[in-house]
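Consider the two complexes below, in which subunit A is the common component and subunit B and subunit C are the respective partners.
And now, the complex of A and B:
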(Lines of atoms letter the chains of each structure in order from A and count residues from 1; the text may use other names and numbers.)
(Lines give C-alpha, C1' and ligand atoms only; values in the text may rest on other atoms or scores of the structure.)
Protein backbone atom coordinates (compact mmCIF):
# COMPACT_ATOMS: atom_id res chain seq x y z
CA UNK A 1 0.00 0.00 0.00
CA UNK A 2 1.04 3.57 -0.50
CA UNK A 3 2.04 5.83 2.36
CA UNK A 4 0.05 8.64 3.96
CA UNK A 5 1.25 12.23 3.61
CA UNK A 6 1.28 12.18 7.42
CA UNK A 7 3.73 9.46 8.56
CA UNK A 8 1.97 9.25 11.96
CA UNK A 9 -1.16 8.00 10.12
CA UNK A 10 0.60 5.20 8.20
CA UNK A 11 -0.46 2.48 10.65
CA UNK A 12 -4.19 3.26 10.68
CA UNK A 13 -4.13 3.92 6.93
CA UNK A 14 -2.56 0.53 6.19
CA UNK A 15 -5.20 -1.25 8.29
CA UNK A 16 -8.01 0.59 6.52
CA UNK A 17 -6.56 0.10 3.00
CA UNK A 18 -6.14 -3.63 3.57
CA UNK A 19 -9.73 -3.93 4.82
CA UNK A 20 -11.10 -1.88 1.92
CA UNK A 21 -9.29 -3.87 -0.75
CA UNK A 22 -10.66 -7.13 0.63
CA UNK A 23 -14.18 -5.66 0.84
CA UNK A 24 -13.90 -4.27 -2.71
CA UNK A 25 -12.72 -7.47 -4.36
CA UNK A 26 -14.71 -9.98 -2.31
CA UNK A 27 -17.96 -8.13 -1.67
CA UNK A 28 -18.44 -4.95 -3.67
CA UNK A 29 -17.51 -6.41 -7.06
CA UNK A 30 -19.72 -9.40 -6.33
CA UNK A 31 -22.68 -7.16 -5.63
CA UNK A 32 -22.91 -7.83 -1.90
CA UNK A 33 -21.17 -4.72 -0.57
CA UNK A 34 -23.82 -2.08 -1.06
CA UNK A 35 -24.00 -0.75 2.44
CA UNK A 36 -21.81 2.12 3.62
CA UNK A 37 -21.67 0.65 7.08
CA UNK A 38 -19.34 -2.31 6.77
CA UNK A 39 -16.39 -4.00 8.45
CA UNK A 40 -14.06 -1.16 7.36
CA UNK A 41 -16.14 1.76 8.67
CA UNK A 42 -14.50 1.90 12.10
CA UNK A 43 -11.01 1.67 10.58
CA UNK A 44 -11.87 4.48 8.20
CA UNK A 45 -12.99 6.69 11.08
CA UNK A 46 -9.70 6.06 12.93
CA UNK A 47 -7.73 6.93 9.80
CA UNK A 48 -9.74 10.12 9.18
CA UNK A 49 -9.31 11.23 12.77
CA UNK A 50 -5.54 11.10 12.31
CA UNK A 51 -5.51 12.50 8.77
CA UNK A 52 -7.79 15.49 9.40
CA UNK A 53 -5.35 16.86 11.98
CA UNK A 54 -2.49 16.60 9.47
CA UNK A 55 -4.52 18.26 6.69
CA UNK A 56 -5.45 21.14 8.96
CA UNK A 57 -1.87 21.64 10.14
CA UNK A 58 -0.66 21.84 6.57
CA UNK A 59 -3.50 24.14 5.46
CA UNK A 60 -4.64 21.57 2.87
CA UNK A 61 -8.18 21.38 4.27
CA UNK A 62 -9.02 24.78 2.76
CA UNK A 63 -7.65 23.85 -0.67
CA UNK A 64 -9.70 20.64 -0.57
CA UNK A 65 -12.89 22.55 0.16
CA UNK A 66 -12.37 24.60 -3.00
CA UNK A 67 -11.47 21.50 -5.01
CA UNK A 68 -14.72 19.82 -3.89
CA UNK A 69 -16.74 22.86 -4.98
CA UNK A 70 -15.05 22.79 -8.39
CA UNK A 71 -15.79 19.10 -8.78
CA UNK A 72 -19.59 19.32 -8.41
CA UNK A 73 -20.23 19.13 -12.15
CA UNK A 74 -18.20 15.93 -12.41
CA UNK A 75 -20.16 14.46 -9.51
CA UNK A 76 -23.45 15.24 -11.20
CA UNK A 77 -22.24 13.68 -14.45
CA UNK A 78 -20.64 10.53 -13.06
CA UNK A 79 -23.03 9.80 -10.20
CA UNK A 80 -25.81 9.88 -12.81
CA UNK A 81 -27.91 12.12 -10.61
CA UNK A 82 -30.79 13.78 -12.34
CA UNK B 1 -5.02 25.19 -23.53
CA UNK B 2 -3.16 22.00 -24.42
CA UNK B 3 -4.69 18.54 -24.54
CA UNK B 4 -2.91 15.30 -23.84
CA UNK B 5 -4.59 11.98 -24.69
CA UNK B 6 -3.43 8.43 -24.39
CA UNK B 7 -5.00 4.99 -24.55
CA UNK B 8 -3.81 1.51 -23.80
CA UNK B 9 -5.12 -2.04 -23.36
CA UNK B 10 -4.25 -4.11 -20.31
CA UNK B 11 -4.42 -7.90 -20.71
CA UNK B 12 -6.33 -8.36 -17.46
CA UNK B 13 -10.04 -8.51 -16.67
CA UNK B 14 -11.83 -5.34 -15.60
CA UNK B 15 -12.30 -6.82 -12.11
CA UNK B 16 -8.53 -7.35 -11.77
CA UNK B 17 -7.68 -3.90 -13.12
CA UNK B 18 -10.24 -2.07 -11.02
CA UNK B 19 -9.01 -3.86 -7.87
CA UNK B 20 -5.29 -3.36 -8.58
CA UNK B 21 -6.01 0.28 -9.42
CA UNK B 22 -6.45 0.95 -5.69
CA UNK B 23 -2.85 0.00 -5.14
CA UNK B 24 -1.36 1.38 -8.29
CA UNK B 25 1.10 3.45 -6.25
CA UNK B 26 2.27 0.75 -3.85
CA UNK B 27 5.87 -0.47 -3.47
CA UNK B 28 5.27 -3.08 -6.23
CA UNK B 29 5.31 -0.13 -8.58
CA UNK B 30 8.88 1.16 -8.68
CA UNK B 31 8.29 3.33 -11.76
CA UNK B 32 6.12 6.06 -10.30
CA UNK B 33 8.38 7.14 -7.45
CA UNK B 34 7.18 10.72 -7.97
CA UNK B 35 3.97 9.71 -6.12
CA UNK B 36 4.90 9.78 -2.43
CA UNK B 37 1.51 9.50 -0.71
CA UNK B 38 -2.08 8.56 -1.51
CA UNK B 39 -4.71 9.39 1.10
CA UNK B 40 -8.40 8.54 0.98
CA UNK B 41 -10.55 11.48 2.09
CA UNK B 42 -14.10 10.23 1.57
CA UNK B 43 -15.85 7.13 0.31
CA UNK B 44 -19.51 6.26 -0.20
CA UNK B 45 -21.70 3.85 -2.10
CA UNK B 46 -24.73 5.46 -3.71
CA UNK B 47 -27.72 3.41 -2.63
CA UNK B 48 -29.71 4.06 -5.80
CA UNK B 49 -27.04 3.34 -8.42
CA UNK B 50 -24.50 1.23 -6.51
CA UNK B 51 -21.77 3.63 -7.69
CA UNK B 52 -18.74 3.76 -5.38
CA UNK B 53 -17.45 7.33 -5.09
CA UNK B 54 -14.00 7.95 -3.60
CA UNK B 55 -12.04 11.14 -2.96
CA UNK B 56 -8.28 10.86 -2.69
CA UNK B 57 -5.43 13.27 -2.18
CA UNK B 58 -2.32 12.36 -4.15
CA UNK B 59 0.96 13.89 -3.03
CA UNK B 60 3.79 14.03 -5.56
CA UNK B 61 7.41 15.02 -5.38
CA UNK B 62 7.67 18.32 -7.17
CA UNK B 63 9.15 17.62 -10.57
CA UNK B 64 8.49 20.79 -12.52
CA UNK B 65 11.53 22.17 -14.31
CA UNK B 66 13.45 24.83 -12.37
CA UNK B 67 12.43 27.66 -14.70
CA UNK B 68 8.74 26.84 -14.10
CA UNK B 69 9.35 26.87 -10.34
CA UNK B 70 10.96 30.29 -10.70
CA UNK B 71 7.73 31.61 -12.21
CA UNK B 72 5.13 29.73 -10.16
CA UNK B 73 6.96 29.42 -6.86
CA UNK B 74 9.12 26.72 -5.37
CA UNK B 75 7.60 23.83 -3.41
CA UNK B 76 8.82 20.39 -2.42
CA UNK B 77 5.57 18.63 -3.14
CA UNK B 78 2.51 19.15 -5.29
CA UNK B 79 -0.95 17.76 -4.68
CA UNK B 80 -3.77 16.45 -6.78
CA UNK B 81 -7.42 15.96 -5.78
CA UNK B 82 -8.90 12.86 -7.38
CA UNK B 83 -12.54 11.77 -7.40
CA UNK B 84 -13.30 8.33 -8.76
CA UNK B 85 -16.55 6.62 -9.64
CA UNK B 86 -16.85 2.86 -9.95
CA UNK B 87 -20.04 1.85 -11.74
CA UNK B 88 -20.44 -1.90 -11.14
CA UNK B 89 -23.47 -2.21 -13.44
CA UNK B 90 -21.74 -0.65 -16.46
CA UNK B 91 -18.32 -1.91 -15.35
CA UNK B 92 -16.53 1.41 -15.61
CA UNK B 93 -14.03 3.17 -13.41
CA UNK B 94 -13.85 6.92 -14.07
CA UNK B 95 -11.22 9.00 -12.28
CA UNK B 96 -11.21 12.79 -12.47
CA UNK B 97 -8.19 14.62 -11.04
CA UNK B 98 -7.13 18.20 -10.78
CA UNK B 99 -4.22 20.04 -9.25
CA UNK B 100 -4.68 21.88 -5.99
CA UNK B 101 -1.11 23.16 -5.97
CA UNK B 102 -0.66 26.31 -8.07
CA UNK B 103 -4.39 26.11 -8.78
CA UNK B 104 -4.70 29.85 -9.30
CA UNK B 105 -1.97 29.75 -11.96
CA UNK B 106 -2.43 26.51 -13.82
CA UNK B 107 -5.40 24.27 -14.33
CA UNK B 108 -4.78 20.61 -15.06
CA UNK B 109 -7.75 18.30 -15.29
CA UNK B 110 -7.20 14.66 -16.06
CA UNK B 111 -9.85 12.04 -16.76
CA UNK B 112 -9.07 8.33 -16.83
CA UNK B 113 -11.63 5.66 -17.77
CA UNK B 114 -11.17 1.89 -17.43
CA UNK B 115 -13.68 -0.25 -19.35
CA UNK B 116 -13.80 -3.97 -20.13
CA UNK B 117 -12.89 -5.13 -23.64
CA UNK B 118 -14.23 -8.64 -23.52
CA UNK B 119 -13.61 -10.93 -20.55
CA UNK B 120 -9.84 -10.71 -20.31
CA UNK B 121 -8.90 -7.23 -21.45
CA UNK B 122 -9.44 -3.73 -20.12
CA UNK B 123 -9.06 -0.47 -21.96
CA UNK B 124 -7.45 2.58 -20.37
CA UNK B 125 -8.24 6.01 -21.72
CA UNK B 126 -6.55 9.11 -20.42
CA UNK B 127 -7.24 12.67 -21.35
CA UNK B 128 -5.74 15.78 -19.77
CA UNK B 129 -6.48 19.46 -20.33
CA UNK B 130 -3.75 21.84 -19.30
CA UNK B 131 -4.31 25.59 -19.12
CA UNK B 132 -1.87 28.17 -17.80
CA UNK B 133 -3.86 30.96 -16.15
CA UNK B 134 -1.02 33.12 -14.92
CA UNK B 135 -0.93 36.57 -16.36
CA UNK B 136 1.86 37.64 -18.61
CA UNK B 137 3.08 36.73 -22.00
CA UNK B 138 1.28 34.15 -24.10
CA UNK B 139 4.71 32.79 -25.03
CA UNK B 140 5.45 31.97 -21.39
CA UNK B 141 2.02 30.41 -20.89
CA UNK B 142 2.58 28.27 -23.96
CA UNK B 143 5.97 27.15 -22.69
CA UNK B 144 4.53 26.24 -19.29
CA UNK B 145 1.73 24.26 -20.94
CA UNK B 146 4.18 22.48 -23.26
CA UNK B 147 6.45 21.60 -20.39
CA UNK B 148 3.52 20.12 -18.43
CA UNK B 149 2.34 18.12 -21.45
CA UNK B 150 5.85 16.64 -21.73
CA UNK B 151 5.82 15.75 -18.03
CA UNK B 152 2.35 14.20 -18.42
CA UNK B 153 3.56 12.06 -21.28
CA UNK B 154 6.60 10.84 -19.31
CA UNK B 155 4.56 10.08 -16.20
CA UNK B 156 1.87 8.35 -18.23
CA UNK B 157 4.45 5.97 -19.72
CA UNK B 158 5.91 5.30 -16.28
CA UNK B 159 2.41 4.85 -14.86
CA UNK B 160 1.59 2.23 -17.46
CA UNK B 161 4.80 0.25 -16.86
CA UNK B 162 4.41 0.49 -13.10
CA UNK B 163 0.76 -0.58 -13.23
CA UNK B 164 1.71 -3.64 -15.31
CA UNK B 165 4.01 -4.68 -12.42
CA UNK B 166 1.21 -4.15 -9.88
CA UNK B 167 -1.24 -6.17 -12.02
CA UNK B 168 1.21 -9.06 -12.35
CA UNK B 169 1.94 -9.05 -8.60
CA UNK B 170 -1.77 -8.77 -7.72
CA UNK B 171 -2.62 -11.77 -9.86
CA UNK B 172 0.16 -13.78 -8.21
CA UNK B 173 -0.82 -12.81 -4.67
CA UNK B 174 -4.52 -13.48 -5.29
CA UNK B 175 -3.67 -16.92 -6.73
CA UNK B 176 -1.50 -17.67 -3.69
CA UNK B 177 -4.25 -16.57 -1.32
CA UNK B 178 -6.80 -18.72 -3.12
CA UNK B 179 -4.39 -21.65 -2.96
CA UNK B 180 -3.87 -21.08 0.78
CA UNK B 181 -7.63 -20.94 1.33
CA UNK B 182 -8.11 -24.09 -0.74
CA UNK B 183 -5.46 -25.91 1.31
CA UNK B 184 -7.03 -24.60 4.50
CA UNK B 185 -10.42 -25.96 3.39
CA UNK B 186 -8.87 -29.31 2.51
CA UNK B 187 -7.22 -29.50 5.92
CA UNK B 188 -10.50 -28.68 7.67
CA UNK B 189 -12.27 -31.42 5.77
CA UNK B 190 -9.52 -33.95 6.47
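And now, the complex of A and C:
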Protein backbone atom coordinates (compact mmCIF):
# COMPACT_ATOMS: atom_id res chain seq x y z
CA UNK A 1 0.00 0.00 0.00
CA UNK A 2 1.57 3.28 -1.06
CA UNK A 3 2.06 5.73 1.78
CA UNK A 4 1.11 9.39 1.99
CA UNK A 5 3.95 11.89 2.35
CA UNK A 6 2.22 12.70 5.62
CA UNK A 7 1.98 9.48 7.69
CA UNK A 8 -0.95 10.94 9.66
CA UNK A 9 -2.96 10.94 6.41
CA UNK A 10 -2.32 7.28 5.53
CA UNK A 11 -5.72 6.10 6.75
CA UNK A 12 -7.84 8.63 4.86
CA UNK A 13 -5.60 8.30 1.80
CA UNK A 14 -6.01 4.53 1.68
CA UNK A 15 -9.78 4.80 1.92
CA UNK A 16 -9.81 7.34 -0.93
CA UNK A 17 -7.36 5.36 -3.12
CA UNK A 18 -9.40 2.18 -2.77
CA UNK A 19 -12.59 4.05 -3.64
CA UNK A 20 -10.97 5.82 -6.61
CA UNK A 21 -9.50 2.64 -8.11
CA UNK A 22 -12.83 0.86 -7.78
CA UNK A 23 -14.72 3.81 -9.32
CA UNK A 24 -12.11 4.16 -12.08
CA UNK A 25 -12.12 0.50 -13.11
CA UNK A 26 -15.81 -0.22 -12.65
CA UNK A 27 -17.35 3.07 -13.78
CA UNK A 28 -15.03 5.48 -15.56
CA UNK A 29 -13.44 2.85 -17.81
CA UNK A 30 -16.90 1.62 -18.72
CA UNK A 31 -18.02 5.08 -19.72
CA UNK A 32 -20.40 5.64 -16.81
CA UNK A 33 -18.30 7.70 -14.37
CA UNK A 34 -18.89 11.11 -15.86
CA UNK A 35 -19.35 13.39 -12.91
CA UNK A 36 -17.17 14.80 -10.17
CA UNK A 37 -19.79 14.11 -7.59
CA UNK A 38 -19.35 10.42 -6.96
CA UNK A 39 -19.02 7.97 -4.10
CA UNK A 40 -15.39 9.06 -3.50
CA UNK A 41 -16.03 12.82 -3.15
CA UNK A 42 -16.48 12.84 0.62
CA UNK A 43 -13.42 10.62 1.11
CA UNK A 44 -11.38 12.93 -1.12
CA UNK A 45 -12.38 15.97 0.95
CA UNK A 46 -11.33 14.25 4.20
CA UNK A 47 -8.02 13.27 2.60
CA UNK A 48 -7.33 16.80 1.30
CA UNK A 49 -8.17 18.35 4.66
CA UNK A 50 -5.41 16.24 6.19
CA UNK A 51 -2.95 16.55 3.31
CA UNK A 52 -3.15 20.33 2.78
CA UNK A 53 -1.76 20.92 6.28
CA UNK A 54 1.25 18.73 5.48
CA UNK A 55 1.81 20.37 2.07
CA UNK A 56 2.02 23.75 3.76
CA UNK A 57 4.26 22.54 6.59
CA UNK A 58 6.76 21.06 4.14
CA UNK A 59 6.70 24.03 1.78
CA UNK A 60 5.39 21.86 -1.04
CA UNK A 61 2.56 24.30 -1.72
CA UNK A 62 5.23 26.90 -2.60
CA UNK A 63 7.06 24.45 -4.89
CA UNK A 64 3.76 23.76 -6.64
CA UNK A 65 3.08 27.44 -7.13
CA UNK A 66 6.57 27.98 -8.56
CA UNK A 67 6.14 25.05 -10.96
CA UNK A 68 2.83 26.43 -12.19
CA UNK A 69 4.32 29.90 -12.73
CA UNK A 70 7.29 28.43 -14.61
CA UNK A 71 4.99 26.41 -16.83
CA UNK A 72 2.96 29.51 -17.57
CA UNK A 73 6.12 31.45 -18.48
CA UNK A 74 7.34 28.67 -20.76
CA UNK A 75 3.97 28.50 -22.48
CA UNK A 76 4.01 32.27 -23.00
CA UNK A 77 7.50 32.06 -24.55
CA UNK A 78 6.37 29.35 -26.94
CA UNK A 79 3.47 31.52 -28.07
CA UNK A 80 5.80 34.48 -28.67
CA UNK A 81 8.11 32.50 -30.90
CA UNK A 82 5.33 31.53 -33.28
CA UNK B 1 19.69 24.18 -23.88
CA UNK B 2 17.42 21.19 -23.55
CA UNK B 3 18.40 17.57 -24.20
CA UNK B 4 15.50 15.34 -25.23
CA UNK B 5 15.18 11.62 -25.53
CA UNK B 6 12.15 9.95 -27.16
CA UNK B 7 11.19 6.25 -27.27
CA UNK B 8 8.19 4.29 -28.48
CA UNK B 9 6.80 1.15 -26.92
CA UNK B 10 3.84 -1.16 -27.35
CA UNK B 11 2.10 -2.92 -24.46
CA UNK B 12 0.20 -6.06 -25.42
CA UNK B 13 -2.68 -5.04 -23.17
CA UNK B 14 -5.82 -3.07 -23.98
CA UNK B 15 -5.80 0.67 -23.32
CA UNK B 16 -8.18 0.74 -20.29
CA UNK B 17 -6.00 -1.79 -18.42
CA UNK B 18 -2.84 0.19 -19.20
CA UNK B 19 -4.35 3.39 -17.78
CA UNK B 20 -5.34 1.51 -14.63
CA UNK B 21 -1.79 0.15 -14.33
CA UNK B 22 -0.50 3.71 -14.64
CA UNK B 23 -2.51 4.74 -11.56
CA UNK B 24 -1.51 1.55 -9.73
CA UNK B 25 2.18 1.45 -10.65
CA UNK B 26 3.43 2.88 -7.35
CA UNK B 27 0.71 1.33 -5.24
CA UNK B 28 2.83 -1.35 -3.60
CA UNK B 29 6.30 -2.88 -4.06
CA UNK B 30 4.49 -6.23 -3.89
CA UNK B 31 2.61 -5.28 -7.02
CA UNK B 32 5.57 -3.55 -8.68
CA UNK B 33 9.01 -4.48 -7.29
CA UNK B 34 10.49 -1.61 -9.34
CA UNK B 35 8.63 0.94 -7.25
CA UNK B 36 10.62 0.58 -4.02
CA UNK B 37 12.31 3.97 -4.68
CA UNK B 38 8.88 5.63 -4.43
CA UNK B 39 8.43 6.71 -0.83
CA UNK B 40 4.98 8.21 -1.10
CA UNK B 41 2.21 9.01 -3.55
CA UNK B 42 -0.55 11.56 -3.00
CA UNK B 43 -3.42 12.76 -5.16
CA UNK B 44 -3.94 16.50 -4.89
CA UNK B 45 -6.63 16.93 -7.51
CA UNK B 46 -8.91 14.70 -9.53
CA UNK B 47 -11.86 15.74 -11.64
CA UNK B 48 -13.88 14.76 -14.67
CA UNK B 49 -14.37 17.56 -17.19
CA UNK B 50 -18.16 17.65 -17.70
CA UNK B 51 -17.80 18.79 -21.35
CA UNK B 52 -15.22 16.30 -22.58
CA UNK B 53 -15.62 13.45 -20.07
CA UNK B 54 -11.83 13.52 -19.57
CA UNK B 55 -10.36 12.63 -16.19
CA UNK B 56 -7.73 15.12 -14.99
CA UNK B 57 -5.53 13.95 -12.11
CA UNK B 58 -2.61 15.58 -10.30
CA UNK B 59 -0.40 13.56 -7.98
CA UNK B 60 2.79 14.18 -6.02
CA UNK B 61 5.31 11.36 -5.66
CA UNK B 62 8.30 11.41 -3.34
CA UNK B 63 11.11 9.46 -4.98
CA UNK B 64 14.54 8.52 -3.68
CA UNK B 65 17.63 9.43 -5.76
CA UNK B 66 15.89 11.17 -8.56
CA UNK B 67 19.06 13.19 -9.03
CA UNK B 68 21.79 10.95 -10.51
CA UNK B 69 24.67 10.44 -8.08
CA UNK B 70 27.13 11.66 -10.72
CA UNK B 71 25.29 14.98 -10.83
CA UNK B 72 25.19 15.28 -7.06
CA UNK B 73 28.99 14.81 -7.02
CA UNK B 74 29.41 17.79 -9.35
CA UNK B 75 27.71 20.09 -6.91
CA UNK B 76 28.82 21.76 -3.71
CA UNK B 77 27.09 20.68 -0.52
CA UNK B 78 25.56 24.15 -0.20
CA UNK B 79 23.38 23.20 -3.18
CA UNK B 80 22.63 19.55 -2.44
CA UNK B 81 22.16 20.01 1.29
CA UNK B 82 25.01 17.64 2.03
CA UNK B 83 23.89 14.98 -0.42
CA UNK B 84 22.43 12.85 2.34
CA UNK B 85 18.84 13.49 1.44
CA UNK B 86 18.49 12.97 -2.27
CA UNK B 87 14.76 12.39 -2.40
CA UNK B 88 12.80 14.56 -4.73
CA UNK B 89 9.18 15.58 -5.12
CA UNK B 90 7.73 14.78 -8.54
CA UNK B 91 4.57 16.43 -9.82
CA UNK B 92 2.53 14.22 -12.16
CA UNK B 93 -0.35 15.53 -14.27
CA UNK B 94 -2.44 13.15 -16.32
CA UNK B 95 -5.47 13.37 -18.59
CA UNK B 96 -7.40 10.28 -19.67
CA UNK B 97 -9.93 10.36 -22.49
CA UNK B 98 -11.53 6.94 -22.42
CA UNK B 99 -13.89 7.73 -25.30
CA UNK B 100 -11.16 8.81 -27.72
CA UNK B 101 -8.73 6.24 -26.34
CA UNK B 102 -5.73 8.27 -25.21
CA UNK B 103 -3.93 9.35 -22.07
CA UNK B 104 -1.33 12.10 -21.75
CA UNK B 105 0.92 12.39 -18.73
CA UNK B 106 3.58 14.86 -17.70
CA UNK B 107 5.91 14.47 -14.72
CA UNK B 108 8.47 16.97 -13.49
CA UNK B 109 10.69 17.34 -10.45
CA UNK B 110 9.62 20.06 -8.02
CA UNK B 111 12.85 20.55 -6.11
CA UNK B 112 16.45 20.80 -7.40
CA UNK B 113 14.99 22.45 -10.51
CA UNK B 114 17.76 25.07 -10.43
CA UNK B 115 20.27 22.27 -10.96
CA UNK B 116 18.36 20.01 -13.29
CA UNK B 117 14.80 20.03 -14.49
CA UNK B 118 13.55 16.69 -15.80
CA UNK B 119 10.22 16.52 -17.61
CA UNK B 120 8.79 13.18 -18.71
CA UNK B 121 5.89 13.28 -21.14
CA UNK B 122 3.97 10.21 -22.17
CA UNK B 123 1.30 9.75 -24.77
CA UNK B 124 -0.65 6.48 -24.55
CA UNK B 125 -3.01 5.64 -27.37
CA UNK B 126 -5.12 2.89 -28.89
CA UNK B 127 -3.53 3.75 -32.25
CA UNK B 128 0.16 3.69 -33.25
CA UNK B 129 2.00 7.07 -32.99
CA UNK B 130 1.94 7.86 -36.73
CA UNK B 131 -1.74 6.98 -37.07
CA UNK B 132 -2.92 9.19 -34.21
CA UNK B 133 -3.36 12.35 -36.27
CA UNK B 134 -5.37 10.66 -39.01
CA UNK B 135 -7.66 8.90 -36.56
CA UNK B 136 -8.33 12.22 -34.81
CA UNK B 137 -9.17 13.75 -38.17
CA UNK B 138 -11.47 10.90 -39.00
CA UNK B 139 -13.32 11.41 -35.73
CA UNK B 140 -13.80 15.10 -36.37
CA UNK B 141 -15.02 14.46 -39.93
CA UNK B 142 -17.61 12.07 -38.55
CA UNK B 143 -18.59 14.76 -36.10
CA UNK B 144 -18.50 12.63 -33.00
CA UNK B 145 -19.90 14.77 -30.22
CA UNK B 146 -18.47 14.51 -26.72
CA UNK B 147 -20.23 12.06 -24.44
CA UNK B 148 -22.47 10.94 -27.31
CA UNK B 149 -21.31 7.40 -27.02
CA UNK B 150 -19.10 5.29 -24.88
CA UNK B 151 -16.18 3.43 -26.41
CA UNK B 152 -17.87 2.07 -29.50
CA UNK B 153 -14.83 1.11 -31.55
CA UNK B 154 -13.53 -2.46 -31.30
CA UNK B 155 -11.11 -2.74 -28.39
CA UNK B 156 -7.53 -2.89 -29.66
CA UNK B 157 -5.45 -5.59 -27.93
CA UNK B 158 -2.43 -3.24 -27.87
CA UNK B 159 -1.59 0.12 -26.37
CA UNK B 160 1.05 2.36 -27.92
CA UNK B 161 3.11 4.75 -25.85
CA UNK B 162 5.56 7.47 -26.79
CA UNK B 163 7.80 8.70 -23.98
CA UNK B 164 9.84 11.90 -24.16
CA UNK B 165 12.28 12.97 -21.49
CA UNK B 166 13.59 16.55 -21.49
CA UNK B 167 16.62 17.56 -19.45
CA UNK B 168 17.47 21.18 -18.79
CA UNK B 169 20.09 22.46 -16.44
CA UNK B 170 20.03 26.15 -15.68
CA UNK B 171 22.67 26.03 -12.96
CA UNK B 172 24.33 29.43 -12.78
CA UNK B 173 21.54 31.20 -14.65
CA UNK B 174 20.40 34.27 -12.79
CA UNK B 175 16.72 33.50 -12.48
CA UNK B 176 17.14 29.90 -11.39
CA UNK B 177 19.71 30.86 -8.79
CA UNK B 178 17.24 33.25 -7.35
CA UNK B 179 14.70 30.46 -6.97
CA UNK B 180 17.25 28.01 -5.58
CA UNK B 181 18.47 30.46 -2.99
CA UNK B 182 15.14 32.05 -2.21
CA UNK B 183 15.44 31.23 1.48
CA UNK B 184 18.84 32.90 1.88
CA UNK B 185 18.13 35.73 -0.52
CA UNK B 186 17.28 38.35 2.07
CA UNK B 187 19.78 40.92 0.84
CA UNK B 188 19.73 42.43 -2.64
CA UNK B 189 23.49 42.61 -2.94
CA UNK B 190 24.51 41.37 -6.39
CA UNK B 191 27.69 39.54 -7.27
CA UNK B 192 29.59 36.30 -6.76
CA UNK B 193 27.66 35.45 -3.61
CA UNK B 194 25.25 33.56 -5.89
CA UNK B 195 25.86 30.09 -7.31
CA UNK B 196 26.29 31.87 -10.61
CA UNK B 197 29.41 33.49 -9.23
CA UNK B 198 30.72 30.20 -7.96
CA UNK B 199 30.14 28.36 -11.15
CA UNK B 200 30.70 30.83 -13.97
CA UNK B 201 34.42 30.92 -13.19
CA UNK B 202 34.88 27.42 -14.52
CA UNK B 203 32.29 27.39 -17.24
CA UNK B 204 28.66 27.27 -16.24
CA UNK B 205 27.73 26.29 -19.73
CA UNK B 206 29.98 23.25 -19.78
CA UNK B 207 28.70 22.08 -16.42
CA UNK B 208 25.11 22.49 -17.51
CA UNK B 209 25.79 20.34 -20.60
CA UNK B 210 27.54 17.69 -18.45
CA UNK B 211 24.64 17.52 -16.03
CA UNK B 212 22.14 17.19 -18.88
CA UNK B 213 24.14 14.46 -20.59
CA UNK B 214 24.79 12.44 -17.41
CA UNK B 215 21.08 12.49 -16.67
CA UNK B 216 20.12 11.72 -20.25
CA UNK B 217 22.47 8.71 -20.36
CA UNK B 218 20.52 7.19 -17.51
CA UNK B 219 17.26 7.41 -19.43
CA UNK B 220 17.30 3.95 -21.04
CA UNK B 221 17.77 2.28 -17.70
CA UNK B 222 14.96 4.32 -16.13
CA UNK B 223 12.61 3.69 -19.06
CA UNK B 224 13.26 -0.06 -18.99
CA UNK B 225 12.62 -0.33 -15.27
CA UNK B 226 9.47 1.70 -15.55
CA UNK B 227 8.21 -0.58 -18.38
CA UNK B 228 9.09 -3.74 -16.48
CA UNK B 229 7.14 -2.36 -13.53
CA UNK B 230 4.13 -1.52 -15.68
CA UNK B 231 4.25 -5.01 -17.20
CA UNK B 232 4.20 -6.68 -13.78
CA UNK B 233 1.18 -4.63 -12.73
CA UNK B 234 -0.50 -5.42 -16.07
CA UNK B 235 0.04 -9.15 -15.64
CA UNK B 236 -1.54 -9.05 -12.19
CA UNK B 237 -4.51 -7.17 -13.59
CA UNK B 238 -4.85 -9.62 -16.47
CA UNK B 239 -5.31 -12.58 -14.16
CA UNK B 240 -7.34 -10.74 -11.49
CA UNK B 241 -9.57 -7.66 -11.51
CA UNK B 242 -8.44 -4.57 -9.63
CA UNK B 243 -10.63 -5.24 -6.60
CA UNK B 244 -9.19 -8.75 -6.22
CA UNK B 245 -5.66 -7.36 -6.56
CA UNK B 246 -6.27 -4.73 -3.85
CA UNK B 247 -7.85 -7.26 -1.47
CA UNK B 248 -4.94 -9.65 -1.96
CA UNK B 249 -2.47 -6.85 -1.12
CA UNK B 250 -4.37 -6.00 2.05
CA UNK B 251 -4.40 -9.62 3.10
CA UNK B 252 -0.64 -9.85 2.64
CA UNK B 253 -0.14 -6.69 4.67
CA UNK B 254 -2.10 -8.37 7.43
CA UNK B 255 -4.90 -5.83 7.41
CA UNK B 256 -8.56 -6.51 7.53
CA UNK B 257 -10.22 -6.44 4.15
CA UNK B 258 -12.47 -3.47 3.44
CA UNK B 259 -16.09 -4.29 3.16
CA UNK B 260 -17.07 -3.96 -0.47
CA UNK B 261 -20.35 -2.18 0.05
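Keep this in mind: the second predicted complex is superposed on the first by the 68 of 82 C-alpha atoms of A that agree within 3 Å, B and C clash if a C-alpha of one lies under 4 Å from a C-alpha of the other, contacts with A are read in each partner's own complex, and residues count from 1 in each chain.
As a working rule, contacts are C-beta pairs under 8 Å (C-beta built on N, C-alpha and C of every residue); 3 or more make two chains touch, one makes a residue touch a chain.
What you see is a predicted model; the values in this text were computed from it and never measured.
K.L.:
Scan A:75 for contacts with subunit B and subunit C and give back first, second, both or neither.
P.N.:
Only subunit B is touched by A:75; subunit C is not.
K.L.:
Tell me which partner A:3 touches in the superposition: subunit B (first), subunit C (second), both or neither.
P.N.:
A:3 sits against subunit B and subunit C alike.
K.L.:
First (subunit B), second (subunit C), both or neither: which does A:21 touch?
P.N.:
The answer is both, since A:21 touches subunit B and subunit C.
K.L.:
Once the two structures are fitted together, what part of subunit A is touched by subunit B and by subunit C alike?
P.N.:
Comparing the two interfaces on subunit A, one with subunit B and one with subunit C, the shared residues are 1-6, 9, 13, 16-17, 20-21, 24-25, 28-29, 31, 33-36, 44, 47-48, 51, 55, 60, 63-64, 66-67, 70.
K.L.:
Would you mind writing out the residues of subunit A in touch with subunit C in their complex?
P.N.:
Contacts found on subunit A: 1-6, 9, 13, 15-18, 20-22, 24-26, 28-36, 44, 47-48, 51, 55, 60, 63-64, 66-67, 70.
K.L.:
Help me check something: in the complex, which residues belonging to subunit B touch subunit A?
P.N.:
That would be residues 15, 18-19, 22-23, 25-26, 35-41, 43-47, 49-53, 55, 57, 59, 79, 81, 83, 85-88, 94, 96, 98, 100, 103, 174 of subunit B.
K.L.:
What residues of subunit A sit close enough to touch subunit B in their complex?
P.N.:
On the subunit A side, the touching residues are 1-6, 9, 13, 16-17, 20-21, 24-25, 28-29, 31, 33-36, 44, 47-48, 51, 55, 60, 63-64, 66-68, 70-71, 74-75, 78-80.
K.L.:
Given the complex with subunit A, which residues does subunit C contribute to the contact?
P.N.:
Its residues touching subunit A are 16, 19-20, 23-24, 26-28, 38-44, 46-48, 50, 53, 55, 60, 62, 89, 91, 96, 98-99, 108, 110-111, 113, 147, 150-151, 179, 241-243, 246, 249-250, 253, 258.
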